[in-house]
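Okay, handing you the structure first.
Lettered A, B, C, D and E in written order, each chain numbered from 1.
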């Protein structure tokens, strides 16, 4: 819903061509990232992340549940993204559902790994308390409060920050005598287990405008895109997920080039994000 | 018990899957259950004109994956839609209740609908039908693995059958990554125990990728290898699709 | 211009001389059909009392316990049955049950859009389950596994893949064929009281106690066969297409079973009235058609057995 | 989160130690803290916090906190009417309102579908309340969208939403005849209580929500559930009106501060 | 007339439950009627004709929509079927060419259900259409006929009878102009020329049984239509009439 005049479009495209974008950034430069943790007191972990004028909140809630029959040795994680109509009027009513679903699916794809669980950012087997009986169900709820482009990257960053803010209470499980009996669960309210978020990847979306690709596009820039590729890269430089958006086709070699650029950019972004998270955690204490 | 009724085969299936998973993760070399090699696709059966009520339709059968796609239009857009000087593409994917081994709800699959839309929108020349909508409706009769690629290929065939202008046919193939191996056109059992997957839709004649999704952990060279494998298979599939279209054109003459 | 479809007879016939057939068909559908019917022939070259070519193929859906694909002309129906286990109610502790659902997915007709189910879908759904229950085609006692503990619930889902008239006929025929094809899996019971399937080799190895060794097939008695007719003036038109149904609004569906009993006479309103003579005529058409359908179904079954 | 601002006026409303509530982490602790605050039987209002311009792309936006209840409001418009069918009257602006709750806004996580009964009702209440103060006649053939998003719900969400919407409308520069503020009051254990939190609200006593046009001193919104004797009701309502006035005072200060900042920015 | 075996409620096989019909009960509706057969009570309201037809309807004719409101709970498949049957039945008795491109809504509220619900709803809607002044060719009269095990027929079934019987049929007949002229008996030699408008059956029955139902149904419908006519003709302010 960005209405740009011909002149403005030319200005944007010209800037990108000359590696100087309208807000003064280079093509592969992120906007400054701001992280605040512990913003939702009733959640187990939460964070607010701001990238320029884009603002998202992520909250993690953990509930005790039963592992699924197919994977008795794994906990469950589900991700729900909601686009608040406050962020843009078109998200009102049912208008935001499609985008919300698309973002949720893209995040699940990037964070939860393959069907066998390989490459998952969150170690699902660490969520199991008693195999086949008790496990943690993690509900990751994210809300887009204000939107100025690059929602997916911001959401992934917010989820990472919220996960590092998460403390799961220590649980003592006493199994019943017979297999049908519900096990007794004792949830500690003093001891908490921290989450290891070093494996959580960062998502880098490269937006192709003209011949060039840019990272962290604003909504003005996104309106000019031909196509975009979101790549999730973990600390080891492995690719953990990839989604293409936008209609125009891409040459396979271009995609591979974009992936390698994303890999390169991710190192800087991940370290920036990590230090921001650490700072936020410190101030939160 | 959560549900009041249940399928008696749940337990057996679970055991089977666990066995399979154990087997596949240990060995590096094994035979696929249907006797194919790792880089061999299932035999594809394609037909146009499956439902005559539609402007164009196609039926695709890859192994046990069976899909019907009907295309309606170009026809009047919904009243609530605003004016648009290019056409709209509306995609909808539904699974039958008996498509999967556990009885489903038979509701729309929003995720696949969105993916189908993304895979096709780059290929359809929307400028040729301004103000109107082309509806692409897919029904998965039976799900036997690699459902999305089959839907995409079948849909582009149905679009061609309906005479909708496209830059090129879109063909789509997926691969599964299990252990060290890359398997093309995986079946359901293989998909369940995959470590990663890559779905690629492309216009082979233009060498352009219209849709690419990837899950699991991949290194750059491995992505390269998988993409090449897919592009190659897509090219072959497009050939089959083309001959299917020619055949139906000859028949009608 | 007067284009009322009811009274436009004379004007239309007058104009017909200078008009292309397709244009006449579109503009004056009713006179178009009137002229055909007066010569006892239909636009698709059928006589009034002949049905379209009907085919039945069994077992197209491998993931279901029983399935059938039925085509009557262009109308295509896919029916599949999945068996699940339920705890029977206390009133009928030795009976299973059947849950019928009829779907018209958007692929079947340009009139159906996603999210808005077709108006007739729930009606046909209800009609199907009424007829299947009325005919007592399936003995519900045969669906019992362990009296009072567990019994089968057969989920019958019928999908219309292409809608071109006489939907109920095709749907009921596919449902009957799917029940004929139904193969009940071998099951055993574990210590928690849950029923699970047993494959052949497993059974040999472990010597599990089987619950239903004999009851693998349902004995289908009293198969119901349907015929839909359109009543237009003095004509009775058998097996109408979608176009014929839309133009000549009065339709009547008759279901007879193999014993010659009347399972259903379904006539939901309509301009034309059905007199005793008309109904008798329809019944005799149904009897004739039933013989054909019986043979088609038997052939489909014998083809399966050869395979 | 900035330092909690102290309530600027009326000494009679003491802040019910918001610090302790904010520092808590787990749902268990929160519930415990809430229950203990119940036993204090505080007559006062929870601490207030307002912030203007939290959503950059909106024409006007604001964050409003009442204790642990925290909502965001965004205003889009006045703009062209999108759906002509909704236009009731050609001479007035069309005001629309949508209320939504974040999944994480309550203690028990529930996935709530959009447009359930409760949110439709609250949307309607907010819309009607705001319509009373917007000079709709000045903007014929146009539409104003008000979106309120609850980030944290701890009682009195209606009031918080109305207060946030007032701030957002002012930020958007929508002409209003007065500012509307809202506050709730209840009656528990023979004591009238101002600004109920969730635990107090769910105790089952009556809950009176009042909205007033602050300067004109008129009540535009009055809702109550449960039963209350008439004379007690008057007391409770009076208390709520006092609360509204305090909120109005605070909102005025925020708006003044905001205007000063705008002025200084323009001046520099 | 077969065996005069008494039924649970003391009626004989041929006897209908007490009928009652009152009209013009609702202020806002253009026409309304409440019809009861024993404990089965249906309230029907008619709104319209309103301008325009819904998508998919023929704009050259008047169209109808029926909204079924069950006594409790949500509308299910059975109710959707009833809506469709009711709509098509009413369409067939109204003059569709008088108000082309209009929609008339009929809202059917079930007040009590003790069997023969669909016939009762048809009778109620018919009376409501008359009350609203919708142009009609003739009235429709509905009856339920049950087939006993030994072949005899009972009329106007209660819910428990519907559940117990092997087979039954809901039949709708037009009230032919014949009944306007009083005291012309429907003799046995005279075949039912006008035929049935609507037929819905449950359970398997021999073909002859169905024709027996038709014969008995048409006779009973003559009585019902006589009652309907009398109650419609009454212009008293009270507008309530009761059958003996």
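One rule holds for everything that comes next: a residue touches a chain if its C-beta (ideal position, glycine included) is under 8 Å from a C-beta of that chain, and two chains touch if they have at least 3 such contacts.
Computed from a predicted model, the values in this text were never measured in an experiment.
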Show me the overlap between the contact partners of chain C and those of chain D. none
Lowest number of touching-chain links that must be crossed from chain B to chain D: 2
Taking each chain's C-alpha mean as its centre, the one farthest from chain E: A
By mean Cα position, the chain sitting nearest the middle: B
Farthest chain from chain D, going by mean C-alpha coordinates, please. C
Provide the C-alpha centroid distance between chain A and chain C, rounded to the nearest whole angstrom. 50
What whole-number Å value describes the gap between the mean CA coordinates of chain A and chain D? 31
If you average the CA atoms of chain A and of chain B, how many Å lie between those two points? 27
Note: chain C residues in touch with at least two other chains are none
List, in ascending order, every residue of chain D touching at least 2 other chains. none
Name the touching chain pairs, would you? A-B, A-D, B-C, C-E
Tell me, which parts of chain C touch chain E in their complex? 3-6, 111, 119-120, 122-123, 125-127, 129-130, 134-136, 222, 250, 252, 257, 260-271, 273-279, 283
In their shared complex, chain C is touched by residues of chain E numbered 56, 58, 60, 76-78, 80-81, 84-85, 87-92, 97, 167, 169, 172, 174, 191-207, 209-211, 214
Report the residues of chain C in contact with chain B in the complex, numbered from low to high. 60-64, 67, 74, 76, 78, 80, 82-87, 101, 103, 105-110, 113-115, 153, 155, 157, 159, 161-164, 185, 187, 190, 194-199, 242
Of all residues in chain B, those that touch chain A in their complex: 10, 14, 17, 21, 25, 110-111, 114, 118, 121-123, 177-178, 191-197, 202-203, 206-220, 223-224, 227-228, 231
Parts of chain A lying in touch with chain D, wherever the complex brings them together: 36, 38-44, 46, 53, 55, 57, 59, 61, 63, 80, 82, 84-89, 92-94, 97, 139, 141, 143, 145-148, 167, 169, 189, 219
